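Below you'll find a set of structures to go through.
In what follows, chain A forms one complex with chain B and a second complex with chain C.
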Partner chain A sequence: MEHSPERVVLMEGISSVEHFLLIDDIPRRVLGDITLVIRRTETWGINGTSLFEIKLLLEIMANIRPYDEGKCVLIERGMMRRKRVILKHVFYIGSADMLYNNMNVLEFLMFATAQFKTNKVELQEEIFELIITVGLGHLSLTPNHSLTNEEKAVIILIAAAYSDSLIIVFNLPEYKWDKILIEAISKIADFIRERGKTLILSTQESLLIEKACSHTAVIHQGSLIYSGTVENFRLKFDKVEVVIRDKSVHSIKEKLSILLPGYKLDIEDDNLMISSIGLKVSDPSSIFRIILESGFTPESIEINPKTVQNAYEEIMRLHDL
Partner chain B sequence: MIYKNSYFRKELRQAYMENKISTNRKMGFALFLGLFSFAIYFVFQTLQESVLSDVVPEIMQPSFFSTIYLYLHIAVLFNLGYYVYYYDVLFFTEIRKNSWYLLIQMGYHPVTMFFLKLFALIYSVFLIYTLGFAVTVILTFLLKYNFIAAYLPTLYIVGMVDLLLITILCMTFSLFSKTVIYGRYWTFLTAVMVFMVKKVSGQYDIISNRVSMQNITTLFNLELSLYWQIVMAITFISCLICLFQSRNLAKYYNFPPDATILPEEVVLVEIDSRTGLRKLIKSKVKEGWRARIIDTVTTAFLIVFICAALAFNLFIILINASTPGQVVSIRGVIPFVFSSSTMEPEIMMNDLAYFQKIDDQYPIEEGQIILFEENNVLYVERVINKTERQLYVDIDNYPPLSQIGVMKKTVPRQAVHGLYSGRSRWLGALILFANTIVGRLLFLLVPAVLLFYQGHIYRYIKRSKKVK
Partner chain C sequence: MTQSKYTTQEQIEAMRREILSEKHKLKELSTGKGTSVGRLQKVRWVRKAISGAVFLALCFLIVWTIFSIQLTRSRGEIPSVLGYQLFVIESGSMEPTLKIGAVIISNKVEDPYELRVNDIVTFRSISRAIITHRIIEVVINEDGSKAYRTKGDNPKNSADQELLTPDRVISLFVAKIPLT
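On to the complex of A and B.
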């Protein structure tokens, strides 16, 4: 495989030491044969069915958990398989306990950045502006002990954004993110990217991946089943092209199934979903045209905005089958 | 406002949001320690005529030495409580929580952080201890005792060194205890260890002697005790361990001790691909057994305390119920609190004396001590002579200025209720204490409140655990 300085994470055939003991004591590797390449300034969202699997992958990636087989290179530096020392170029966030509870948010961020040789007044202004920009201005003077774990994690992420580490691993897949925090993480991810760093996060929130990430990877049963851009993931796996809403969707479905033989038609809650089959190129406008030309005037008809959630559900359906 | 916090200032704040609040709390704590020591001294003064005056005269004397000596021990006890309560912020739990990991990534140095943490804690201990010491001395002036300045510096050093030793040991142990709860147990064990070392090395014999404590060099006299050498060795070794272990621990990311994201009923093992050896890492099935043990121990402790306190109160009521004409006996033994010095040294003032209940036919020998009734008053005296139907008795110890022989009595045999069979000096002191206001509060009011509000207490404990 070609080796380039732009590659900040290079995992080749990584397998974990950890195994799940299944029925009849048969072991199954938690992670097996994982190959992943992550480049500088990319933002990756790692998703999967098992929280433990995705958390473990990022722990291995951050060199805080040893691995059994394969090769892992971080920013051109190989990692020792059995040693899990702190690497200066990786900032790992695996819990929200890192914050000191006897400070408020702004104070903590100033404390964390106190060793930087910069003007403190300017630095505080900059941090304060960033907090406001990411939509967390209301938290800036809140004592840390009053924050939720999710809020604490985002504050740690801001601190990490200011660090010298080139890779930030945000490994909290068990946390539930609301829209405000998703928006905040998305903006912090932009800030991280602007500073030439790479953010890798694990989550089961598809919306977070959609808003904050440029790339995604999906792990299922210990194996990587997708890795690539979020855009490609949405287009490739969210097959629904057009959604029709009408009281008589069942009769519409019968008629359209004749007109659209190359498409799959499903009904979900009075919604008729028209999906493409196979690797056909997405072309919702032609479906739209056929429907209108046939003389149907449903109550509502819209082109499906491809979402990560739909794509994720589809990829899981494919693999479960 | 521009925030310019250093690590040292952060440490001085301890659990509080502002330095000023933290300093005020420390000063308030010191004032409380001084006042509490003074109050405890008065409680002990109510037990003046008990076994305590013989066993621990150093805390029973009307002198500055006693109040300060009490303060030294109360300061250690309350500092331990302080350490246990604020364990999270005072010791190295922050390394386990990866707070140091974050700071190291942001350019902080672990060795500097270690020294700053140590100095900040020592400074806080020094501030609280010194203020409390001063408060105790000032309050003792109100009692107009003879002020002897010579033993003040020696006592001050003794208390300070004990606290510093406990502090550095707690810091060391906090680096090795993986959970806060274990760390708290270790904090208590540390105090026990320091107490044992002092006892074994003979340090207690030196510091409880108020004459020898007037000379500060006595403390360092190797012929008397090796305590100071042991303290210095332990402190030096602990500092080294702390320095290296904190640095070493901060090198790694510490995993939180939970298995919340492990799938239900799944067992996680580590398998060595070369040897095929399996090592169990986590199992969700096993979770919760520690919490159950702690719950059981707490419940058992509460039940034992409440039952013991109530039983003791019942015992006191029974003893006090003994009146002439109706002496209360428990399984043939009459307990009797002896509030006189007339039978010293056989029975001391405020001892709990036991008398074997006897009938008219029971043989009584000369020299035996009996409990008898005369004119509706109970007396305890020794038999000095006897006839078939009468006993001649007298007391052992006539108080100064009293007329010898005035207590000689002739007792009809049927007036005898019991024959002296033994005594308990400590139980006597405990009964004396239980009859004081503080004793009543501790033995009657506290268990009653615990019993009445046990439901609320359980709910509070459970809620606290959930919050954690």
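On to the complex of A and C.
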């Protein structure tokens, strides 16, 4: 039985070789002092303000780019700072050009899995049904050359899921994902997890992280400002507890500011957002009760579902300050 | 991007049917049902087995040949493969029939007493040199023993002085390898 380590990526104080040249200022490292631990079967979404920063981090992680300082260990194998080698246990997706244009989607996936000595008919059925299950049935027999880059990337991700690599690095932060593809990536991520692999993706789409990832890391100006579970990220940084919609939100705000002294009240597009302040434990039901007891009956009142996007905006606001 | 690029539900169902039919075929093969398909599979298997055996035999023959040639050479004998021997013509005594550098195939002689006029034979001379010449006469000695008079085909040559006795005959010419 193959030994599968728990920690698949260990980065300690990693700094990049690349620098940003700043006018009238000393050059800044693109990435500095990055410490990150990724465990087996986790799905990580790496987000950040700069596409270059997050792409570079995943390139270092996949052993494509050298690093200058720190230590990087992939599946218990230390990566030399300068020497770059293609690693068998890392499936790196850095472009959509890996698909052969003279095949259709199913043919390509059969070709990509041809090395495995299994019953080909059963494998074909399994892959075909997987494509349909993840919501890409409409692409299953489509020629590869007519797919968009984003669609191609998702097909390559399916091929990666069937590969024998333990780490899949999906490094396409510049791509824009629609809801269908986000749903598909989310289901493929579940499939990857079931197969005992780890998926690391870079994106600026908060919805993709929310749907597909168990963990997230946020990079801001070359530093890691958050790393942990998506759940914790949403609860910790999305402070909005309750959203009230009404024509007269301004008058409601005045009255509620007296009733809810421990909360922050903001108005955005006729929406009154009631947010907790500091590290207070989320308790939207008590706010709800206070509003109803005070006799207000707004047109709409709802508990904020806490999204990654809101949490991301909040963490960025905190760091810009 | 046009809608027509996408796979339709009909295409998906057709693919499913195709996969299902392939699965049935495989199932029939594994259970030995489906007479024509099963027979075809057996024929394929037999053909595969025969070609495999032939390939193995050829490999064995090549290895064995190389080994036996080296072994015979080390003993100072003339190497042969399946009873056939190869010789290279080193003089012009047999021209124009056999030019210098030609490679000939000769067969070991079963009965060296039954050779006839016009047979090309390879033999050892009294001085132990290997010579390939044509028999031009069968000579019966006074004591009843048989000998052969030999001569190279080259018109410049006269008949060999010494008579060839059957015990010095090595092999009988079979063919010349073309382009040599």
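As a convention for this text, the second predicted complex is superposed on the first by the 316 of 321 C-alpha atoms of A that agree within 3 Å, B and C clash if a C-alpha of one lies under 4 Å from a C-alpha of the other, contacts with A are read in each partner's own complex, and residues count from 1 in each chain.
The rule is short, and it goes like this: a residue touches a chain if its C-beta (ideal position, glycine included) is under 8 Å from a C-beta of that chain, and two chains touch if they have at least 3 such contacts.
Bear in mind the structure is a predicted one, so any value in this text is a computation, not a measurement.
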With the two structures laid over each other on chain A, which partner does A:102 touch: chain B (first), chain C (second), both, or neither?
first
Regarding the shared-chain residue A:110, is it in contact with chain B (first), chain C (second), both, or neither?
first
Could you say whether A:174 touches chain B, chain C, both of them, or neither, answering first, second, both or neither?
first
Output check: A:121 vs chain B and chain C. Expected answer is one of first, second, both, neither. What do you get?
both
By the touch definition at the top of the document, which applies to A:140: first (chain B), second (chain C), both, or neither?
second
Using the superposition on chain A described above, determine whether A:165 touches chain B (first), chain C (second), both, or neither.
first
A:52 contacts which: chain B (first), chain C (second), both, neither?
first
Of chain B and chain C, the partner touching more residues of chain A is B
Quick check on my understanding: which residues of chain A belong to both its chain B contact set and its chain C contact set?
106, 121, 124, 143
Residues of chain A that touch chain C when the two form their complex
106, 119, 121-122, 124-125, 128, 132, 137-143, 146-148
Seen from chain A, its contact residues with chain B in the complex are 17-21, 27, 30, 50-52, 55, 62, 64, 68-69, 84-86, 88, 91-92, 94-95, 97-104, 106-107, 110-116, 120-121, 124, 143, 156, 159-160, 162-165, 173-174
Contact set on chain B toward chain A in their complex
2-6, 10, 13-17, 89, 94, 97-99, 101-108, 250-253, 255-256, 260-263, 266-273, 278, 281
Chain A touches which residues of chain C in the complex?
1, 5-7, 9, 11-12, 15-16, 19, 22-23, 26
